[in-house]
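When the chains are written out, they are named A, B, C and D in that same order, and each has its own residue count from 1.
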Amino acid sequence: MIALRGVSLVYPNGVRALDDINLEIAKGEFVFLVGHSGTGKSSLLRLLYREARSTAGEIVVDGIRVDRLRRNRIAALRRHLGVVFQDFKLLVDKTVWENVAFAMQVTGAHTRDIMRQAPRVLDLVGLSHKSRMYPTELSGGEQQRTAIARALVNNPKILLCDEPTGNLDPANTTEITALLQRINLKGTTVVVATHNQAVVDRMRRRVVRLDDGRITTDEERGYYYLGLGQTQVLSG
Amino acid sequence: MDWGKLKFFLGEVTRNFSRNTGMQMTAIGTVAITIVLLGMFLFVRAALADVGASLLAKIEISAYLSPDATPAQIHAIGRFLAQDPRVESAQFIPKRQGLAELRERTKGTIDTALLTENPLPDKYRIKVRATEQVPSVAAEVRRLTGVANVVYGQQVVQRLLQLGAVLRRIGIVVIAIFFAVAGIIIANTIRLTVFARRREIAIMQLVGATNTYIRLPFICEGLLDGCIGAALAVGLLAVARATLWPRLLEALPWAQLTATPLDARVLAAELLAVGAAIGIVASWIAVGRHLRT
Amino acid sequence: MDWGKLKFFLGEVTRNFSRNTGMQMTAIGTVAITIVLLGMFLFVRAALADVGASLLAKIEISAYLSPDATPAQIHAIGRFLAQDPRVESAQFIPKRQGLAELRERTKGTIDTALLTENPLPDKYRIKVRATEQVPSVAAEVRRLTGVANVVYGQQVVQRLLQLGAVLRRIGIVVIAIFFAVAGIIIANTIRLTVFARRREIAIMQLVGATNTYIRLPFICEGLLDGCIGAALAVGLLAVARATLWPRLLEALPWAQLTATPLDARVLAAELLAVGAAIGIVASWIAVGRHLRT
Amino acid sequence: MIALRGVSLVYPNGVRALDDINLEIAKGEFVFLVGHSGTGKSSLLRLLYREARSTAGEIVVDGIRVDRLRRNRIAALRRHLGVVFQDFKLLVDKTVWENVAFAMQVTGAHTRDIMRQAPRVLDLVGLSHKSRMYPTELSGGEQQRTAIARALVNNPKILLCDEPTGNLDPANTTEITALLQRINLKGTTVVVATHNQAVVDRMRRRVVRLDDGRITTDEERGYYYLGLGQTQVLSG
């Protein structure tokens, strides 16, 4: 489903964010991306939806050579992906409902389908009662849940989540995690970049660990810390 | 067609439009001012063209006949003038009438009682259709037998011809400048609105919107700006024409300005079209430039 | 004064300035266009004022004397005219010279050989300093004994006076419109740049910056926009004056346009001041409005 | 140092974010503000630096009646507070260094002091090597640390932090938490709104719990969950 082979990313300012990344993610997998702040997690995700373009290497997403994608085909790629951005990236002049509907609208979806699907995802993230509010009128966590709803609305084949629970309380975090798990069970490939040790340690799924732009470990059923659950670390 | 989509799109445009009223007012105001200036210019140009025409219409050629011209020669000259397509009218003025007109013109300062004999010759008074042809007609008439001298406002005609040419050239340049100014200001206004929404545009692109999809509302916004601005301008011009123009006509009755130099409805339609075109082109360029990066 | 602070502030202004070059170009271009129009207008107005003056200078009063005026009366009239402060010059034209001039004017179409006696009277040719005084001077001279008739281009004078008044009024209105347009466009440009940076402004406020602190760089930006735009305009006008104006003078030599109707340096300084003032006022208003909310 | 008496906040859109809040925070205290997403934590902080204005009640911060503060005195109030915003609020056209220096600049600080203080706080949050980069060139966690550095640079008497570790990895979180603790020990009053259970449970400081705009509990040495450390909840 996703394959990176020898991928490097050097930003225009000279920062080498990713260095010789080799990673295969199969259809239906659930992958955590962990690592220190500034280690390249967001950069890796950015390559997949072509917000950034790799400096070297080969990237295939859903059969598409993303690194070679022509500019006018990028929109089509992004429509098949659901992305939860680390900084939410909500449209401030659109309501919660409109933000979510908009993501369907651009795919050319039928209004009938939008009217059915948008309320459904808003309900999933627990924001039905705020659907008429603007992002500036939302709390941080509500904004984050709006971003999640928008990423889900198109039933994407691949879901990329960048720190999706950074502004959520544990209860909400648990719910959103359960939601991601359910979506994954329906066959969607899910990649989550996160610092939330509790989430990673509870789920015990594949964990890809980045350090300074390189993949250092890749475990099938991993913890946030190499081989250690948080209970051991914190209350051991 | 999915009516929901159309509704969504129209909602999008009207929302954009009503959200940042300050910016829209700017764009609309700029269009309106530009088009008022353009309309004024076209109107005044048309009015002045009429003034020029009426001034030129007064230029006439006096062909003085030699005292010994025979009636046959005089008749021949008259026929020649009647046949010439360039000549609008030719009138024979006998010396007696000439003296009466002279007396009239000098308001009695010439004591005609002192004249033992009329010192003036007979003449033809000739009006020519197109001012440019005055010199050539005059030269040809001069060559006819029986004509002693041909007089016309040589200087006046030449000056008016020169002035007309210069004004036309200046007019074209000014019109071109106005169009450029209007285009630049509107394109910049829309570029600024695009700039102010660069984050939103980037987000739309990240969500998978095509450039066309993003561009369309802006184009429609530009179109609306252009149309509303032009409509405002047409309204202002109509008011000015109904209130100021009559006063100007009254103040300068002798200038012989035409009361209605242009068909108001045609002008209005043209200006609206210009406004719409400016809006579309400017926003197209403005958005296109931003999205390419 | 803390030099580091000044450096920081200047760095701020130049950074703002060089960051959004597109927007700065817009503002500067708008100022430049406005000031070019303003400068052109002032220049042409001055040039036309000279044309009007030279046209009006040609208007003269002819005071025809009655045939039976005594030399003492004629002398008295001459003294009266010499004393009158409104009169620029008064010249006695004896009938013989009058006839010579008439012959000259009519280019030989009047056969003076046919005249047994000179039918023209003696006259005074009077030039008045200010055109507005022509009618009153003429009326007073008419009342002097020995004056038979007073003739001047009544119609021409009246028309020129009317035209002058109308043009002056139109001129004032046009200048006012230009100023309003310039102000509105620049204020809007800066309002848009402020709008585009509304998030930044909000953040600065949250960090504890006072409104003055936030406003100052924008004001300086407006000032810079105004000055650079005005400088551009002055440059353009200087080029136009050096290249186009001589060609216009050449094309219309008879219009007697003054070669240098305005002091170039004074005009340049005035336009620069206008540009700076517009920039400051517009940005002050634009930023003030935004910060009040 | 901080006192709220009968404070309510109703946003223009009708949402009652805070309802009859009574809270006293003494000089030098360290207080956690916890509660579900959208429960009013950010709103409470916003009242203290007057981004929002209370609808009813009395607010005193550092001896200033904030709820009655004249508009032109707000800037002076904010200069005495250090605020870490939930959405960072960095100036995108300023580098990291400039963002930090700017906060001192507006207080009228001497350039000499800025040149000494700015590098110091950047070093504290571990961003010295990124000081010449613009916020868009930073990772989420780096942006968050820049925001923290900016809040610290003026040595504020009161430090308000809204979710300061939402984008940080556990190692960075620990460091930042230790930093806050050190600052608190020097006498600064610190208020932290957070969802980070690990941080709250490890610190064992005063915990004020909000629920639906009301204060439900206020414990001297509390846990994230009422009376329970996370170890009990997660690995019990």
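FYI, contacts are C-beta pairs under 8 Å (C-beta built on N, C-alpha and C of every residue); 3 or more make two chains touch, one makes a residue touch a chain.
Because the structure is predicted, anything quoted here is derived from the model rather than measured.
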Centroid-based (C-alpha) most distant chain relative to chain D: B
CA centroid of chain B to CA centroid of chain C, Å: 23
Centre-of-Cα separation between chain D and chain B, whole angstrom: 68
Inter-centroid spacing, chain B versus chain A (mean Cα positions, whole Å): 63
Residues of chain C whose C-beta touches two or more other chains: none
Interface hub residues of chain D, defined as touching at least two other chains: none
Contact graph of the chains (line, ring, star, complete, other): ring
Chain pairs in mutual contact under the definition given at the outset: A-B, A-D, B-C, C-D
Chain D-facing residues of chain A, complex: 11, 13, 15, 34-39, 41-43, 86-87, 133, 137-142, 144-145, 162-163, 166-173, 195, 197-198, 202, 224-225, 229-231, 234-235
Interface residues, chain D side, partner chain C - complex: 49, 51, 72, 74-79, 81, 83, 85, 89-93, 101-103, 105-107, 110-112, 114-115, 150
Contact footprint of chain D on chain C as seen in their complex: 2-5, 7-8, 15-16, 19, 200, 202-211, 213
Residue ranges of chain B touching chain C (in the complex, touch as defined): 20, 22-23, 25-26, 29-30, 33, 62, 64, 67, 107-112, 114-121, 148-149, 151, 155, 159, 162-163, 165-166, 181, 184-185, 188-189, 191-193, 195-196, 248, 251-252, 254-255
